[in-house]
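Both of the next two complexes hold chain A, though its partner changes from chain B to chain C.
Here is the complex of A and B:
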């Protein structure tokens, strides 16, 4: 531990010596819940400011069309309408949004309101700000737009064909980026394989469907020349450059605030477009401007995941050893690169999945289509990649007549190999994966189900059992983006925290994150309580993010399962340094050698003479007020600021790098039954084993497991966007976009292992996204049910019709189109 | 999600509501609002005025009269679902109510609102046709007429009610003789969804086990409730077993040409129609014979 005063950039250390393990791991009641369950949260829509005006959008009914003319005169003349803007008005006020893509995709021109052309259905074409939202929407209805519809491109593979309609003419192609990855001697393994198993899979389009949609209140204070933006963005600091450029304001004049956020799941990263528009309007009108997205707007036009289509070949030995993979993948990123094509690199965090696969080649493309722009929906990029690997493992098992659990056991990375380096340079930190698989199989009565499956099949019942292993690789190394654009000045993955003991001996904590229900106030308080050994109830964690007071870096935010590995590490460091300072002051005041000072139960005492002790709150009072008592030369106050920096490096010339800090592990075992006459699937049993390192709060870990399973079941069986060939989204409401209710989510059995990460001071690993394991497990189970009939699923979504078509042999599953 | 401007009236008597309906051009009656308000918020419907029926107490009741069950149009689903009379005498209706929306919807939605809206996928219309229900329509000035359920549903979202004049005020369920039973089945991905296919079956079975009368009605497969007459013919006089039910289902669904939408293709609807009809026949038959609740 450094003895220097708090430094801005701390070097990485695995030192955990400040932990007392008195408060970590306890199921303490989440601090946030007390206000949230009573309806006392503060969400963006709860913010009411004097003279606030309201924004609404006219959105494109076409997926691809030229805007020939917009007539806003009737809308402008309506009473109560304050402002009507089109793309041309925006173009005059800001530069296009910066593009992170390499050339020529970088030539794409992206404004928050469509200029000259619309590129996806639901794209904002004009905006109205009015005295009320009702008036704003009435005025929206009075705007006339003359469109010239253009042929749309909705299929990612066809988008690359010559002659395909161009989403961005100025790019000259629909290709966003292409990267050819090759790690290890793939050709050798394919030459020496006993067999090659090949398949093509599609990971479908869905979203995260948070309870709260995107929202913003922008409040320009003309006197102070400060813009305050209340928003629900998951990572405001990531987008501050966009905001600063769009508004032409320096960071110290731009205050971005989040409070309670009603779920994000990756959907709330690219809502900066709304933030810019509301802020520009607020500056123009010198009034606060609120925008609250409707559910239809959210489903249609906010943020989808990128669809992915991969052909996967596996080089396999007869004994089931998987030697190498060769893949070709295409990501459908939609109409604009607002977050993507990050997904074409992020998958490499888990390049070879959970297995000792020796080599991997992936010919990777990301393309524009006339669909909603995509972002990092829960399980971002790694979930689809692990899907490809887990699906091919099932196919290999079937070809070899092996049990799916056995082939996984055979290929899993073993505990003796940890930390394990993958061919792409990833460093899997810790865990006993085969043991985890064994325990999950036992808890799920896997072998019992296999027996019952046979018996029931003889009675005409169709049962499927799926077993899948996965990881939530967590705490991303943003240098991964250099793999598609080496010029991007964005690397590493850091987070800040401030821990202050206030003069009354209480503790105030300020984070750099912007949580959306992950319980950061709880887990941060537990880490601080654990390090300082003060009461959990005496710790006060500021809700949300505020760029005028939070300790931030450009990575700050809540995404990529990063708070446990990175955010809590910053909290640990700040608390540990505070503890050191408290010990130093105590040593002086108690006349005790510094090494003998013990901080325990809210007091400091001298180990050699327990009579000599002092409550921390007395030390706090001295540190701020009675400062002549402090050791000579010591700086008063008890502020401790830390920024945690993992030892990340840039990818080498062969694109090898460790791209995440921790790798949690999970095993899901699912049993489904299929109605033979209707194809309707029903989950009979769900078991999940989770090893996310040291558990900070088991209530929160279990909640994340439950949520990830619910999302995965939703994606596999209920939630899927359907676009027609003209780019019309056919299900943009909750009537047809089927978010499951509690009735559809099965009972789940969750069991744990706890292998601390050696790479984080708390030993905790990130785990919130869940790695998409539930999607893979449900699909695996459905395919297992269909396999004896020769049925295979080509997609990450299985609806009853697809299943029935396979059962009937009437056609191949429509997912294999 | 804000509706376009509209006038709002909250009459406290039926007569006043009917008078407003005839006077206000482009007005719509507001019952539980579970469909109408959603459509207005999406601005798919922009009525000039709403005439809210929720304060009209005289339209909310369940009562028996000469063996008939009379239901006021503004009676909410939840009240109907809780009714022991309906559960015992009209199990198909009870099941259709139990499987209708979620509790919030059942607390607001009304039988009259649903039937007058005539959504081709709604739970109640096929049940009404299967039960041979009668619809009572009223107009300002005291005029009333009775419309048979078979004639009430004209097309998707279209009923035999005269637009801007008539309101549905009462639903009358006829008594079914001893030896009767019914069943309602619905296939949907989520429990709260509109059905992909639904079927209501009502039948009377003689002491010898032969079917005396059967009505088999499908929903979600046509613009209005679809009488599976072919199935009814196979059932007539027959003793029902698995094989016969399958034959009836086959005959009853042979001519179906269901629509395709984002949830299911025409092919799938037709396939599962056959399955549901077969299962509902078996269940209704068992109930009619007192073999199963």
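Here is the complex of A and C:
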């Protein structure tokens, strides 16, 4: 809308005076990679405990059916089988999982094992725990279930129609929630627009396909009455209430541990259902219980993204200025609300995209269907939303005869307006987006490609160029959930860190995050080394999360690209406070005014008299052991704990709020050529510009950019779930669900800009998801190739079949697929 | 799932074909991949069948039931299979007509598959469903022609 008011800017602006900038920005070798590349990581499946038993599941073949009878007698009598449970056994042991949805969807009853009815294919119906996984799987095959198949609902829009089969009868509707958003005078802009451009788009269903599937080892210690759960959940603290309720155990008796995690991409947020089941079984048997999900189980039933269908109208001036948007969206959240319907609000972080759009209206629905429950896969909710905006920008450009790069340049928020406040109250922290676009176009030789495209088209070749400007909003304000359920007691976005200088002068760091390959041990060590000015090699960061020793809040975890903006800010604060204490002790011991103490290169010295100095490890030894030397009254030890709290606020009565702390941005330029025989697009050129604020470690930032492009290209061209009309998932293996190999990933040119965020002490911004820019850019390029033939793409996925249909239709006339 | 059809001409009298098809022990023996057969009564049997479709291998339990009999011309049967994370339901009708060379057997089957099998075998499920049903009647033909 306009530059944010000064009082808001000062509220958010962070002090970064403790930085020395000696270790930030260096391509230091990631600390965790040394063990990971040698196969020395510790993943859940590496954990072997004495007397461990193994869990396996019988899963529903139907997407929707009533369970008439389950006969477990044969399975129970098999040698080596320790326990066989059905939904009824679970129902007796725990309350249903808490629902974050508003009424009436809150009436949905969700247990980790199906009770009375199955609601998606692959839903666990019974579980077996046995002496070995082999026995457990054999016993699963001996369980007989009589089902009464019911009609399935697999289309989100049809799910809202009267008479549609109900996923949850007790809810009485398939509607999970409905929110009407209206920011700014949308009606005025639509009345005064020169033209209105409208289109309908579908964001398809895919997943994150991490290398390591969901896994858990639950170990109940009867003597201590402590339950330890080794898991690979991305945000164990977010689900501790579910675990505590499910197990009926208080938090101090419930230890949740993560170690190395083999990728998450959002899929590992809702695996708490397995954590509860393994823990209940461990408590019953008084033995450790392990579950390791198979790949087919993972693809079929772990976690998908929510599909989204939006009708988008844009009010536009003849010169290409986009004034306002009006949208109607439906999210298909699958069979249970285990993380959703958060997606129906999280998009509002980037409500008007990258543009000076003045007003926005969005009539928003989230629905149940008989499909796998959804969660926040890479670019959660914002990527689909930005997809809708970027697609309509291309359509507007085509209607007006403008170049897609020009219309973006015309509407981008300018650097003079930063920090920029959006109509929905979002505060884009910093950046120079038009300059980023200019540089990306230049690096990609965009205008050269436009010329070549014309020449090649004359030769009959099908060439397309796509350009997209995107944002990777990061560090979420959880108060966003209040937009669909104002009663939820869940707001803010915080993270904890403990930085301790041990008596030998080394530094130990404990984080609240649970990383899955993002290099937190490396970047945290860089920040601590930078603030304390000690060697990077002297910093030891504890791997993973442990609720018995980590510093946590209920937001703790690794999701929403939150570590750089929030986690590292906590690390910075803890290190800065430790530095202050070191300076106080040094001032006393060196008899130097506190303001004159300089801490550098592992020592403290007095600025006025360089002779007066001492190594930090001497101070550390004194602080723990020789405490009579400490300043009178000073508490011994060198522990520093910090919890970073961004100044987030709750949405106002008009649902306006800033919902993320930092806004990285990126520009992707893609050139594709389509093979007219096979319909397969080939990427000829890929250029990405990334500005994620101050770069903490360029190796890690580049790795994130490469990963986001690989996943985005795959989503656009390869990865898509296909369900049939009965809710059968038709591609639950890597034979048909096409995760790309290195051969499918194009060469990419990655360039950087570096505009520090004023809202984080390190200046770093979150950039772990990529904002879906790659999906948008590839689809934009494919549509650009097909446009002269009269074809437009209605989806975020363009497989050869779709493209061939358009090419064939081109012979007959205009087609839209 | 589509409907499948097929015909066989069997060089045996119609009554002999009828007797074969209504004897669970005999028709059960024609189920492809049969591992075990347990006859309940003249209209019901339970079988365990070995399946292997692509990477999916395992045992499927089949419940066979005769739902309609019009001797000696028409028999309707229902086969309910479950296993390897899947359910398969086959409703088949067989009509027997006297022909010059013996008996003409016309069959029609509706097949519904749910679960892992529906996903894993999506691309070749039709072929496999057709082959499974037609193998039963091919086997009938072979055994009676001996």
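Everything that follows uses one rule, which is that the second predicted complex is superposed on the first by the 796 of 817 C-alpha atoms of A that agree within 3 Å, B and C clash if a C-alpha of one lies under 4 Å from a C-alpha of the other, contacts with A are read in each partner's own complex, and residues count from 1 in each chain.
Basically, a contact is a pair of C-beta atoms (placed from the backbone, for glycine too) under 8 Å apart; a residue touches a chain by one contact, two chains touch by 3 or more.
Everything numeric in this text was worked out from a predicted model, so none of it was measured.
Looking at the shared chain after the overlay, A:799 reaches chain B, while chain C stays out of its contact range. Touch criterion met: A:680 reaches chain B, while chain C stays clear of it. Once the two complexes are laid over each other on the shared chain, residue contacts for A:121 go to chain C alone; chain B is not touched.
By the touch criterion defined above, A:134 reaches chain B but does not reach chain C.
Contacts of A:147 after superposition on the shared chain: chain C is touched, whereas chain B is not.
In the superposition on chain A, contact of A:294 is made with chain B only, not with chain C.
Counting the residues of chain A that each partner touches, chain B and chain C differ, and the larger count belongs to B. Once the two complexes are overlaid on the shared chain, A:66 sits clear of chain B and of chain C alike. Contact with chain B, but none with chain C, is seen for A:743 once the two complexes are overlaid on the shared chain. Residue contacts after overlaying the shared chain place A:735 against chain B and chain C alike. In the superposition on chain A, the residues of chain A contacted by chain B and by chain C overlap at 141, 296, 730-731, 733, 735-736.
Listing the residues of chain B that touch chain A in their complex gives 1-2, 4-5, 42-43, 102, 187, 189-194, 262-265, 267-268, 271-272, 275-276. Chain C meets chain A in the complex at residues 54-55, 58-59, 61, 82-87, 113-120, 122-123. Across the complex, chain A meets chain B through its residues 133-134, 137-138, 141, 294-296, 677-680, 717-718, 722, 730-731, 733, 735-736, 738, 740-741, 743-744, 799-801, 804, 808, 810.
Considering their complex, residues 59-63, 121, 141, 144-145, 147, 149, 296, 300, 724, 726, 728-733, 735-736 of chain A touch chain C.
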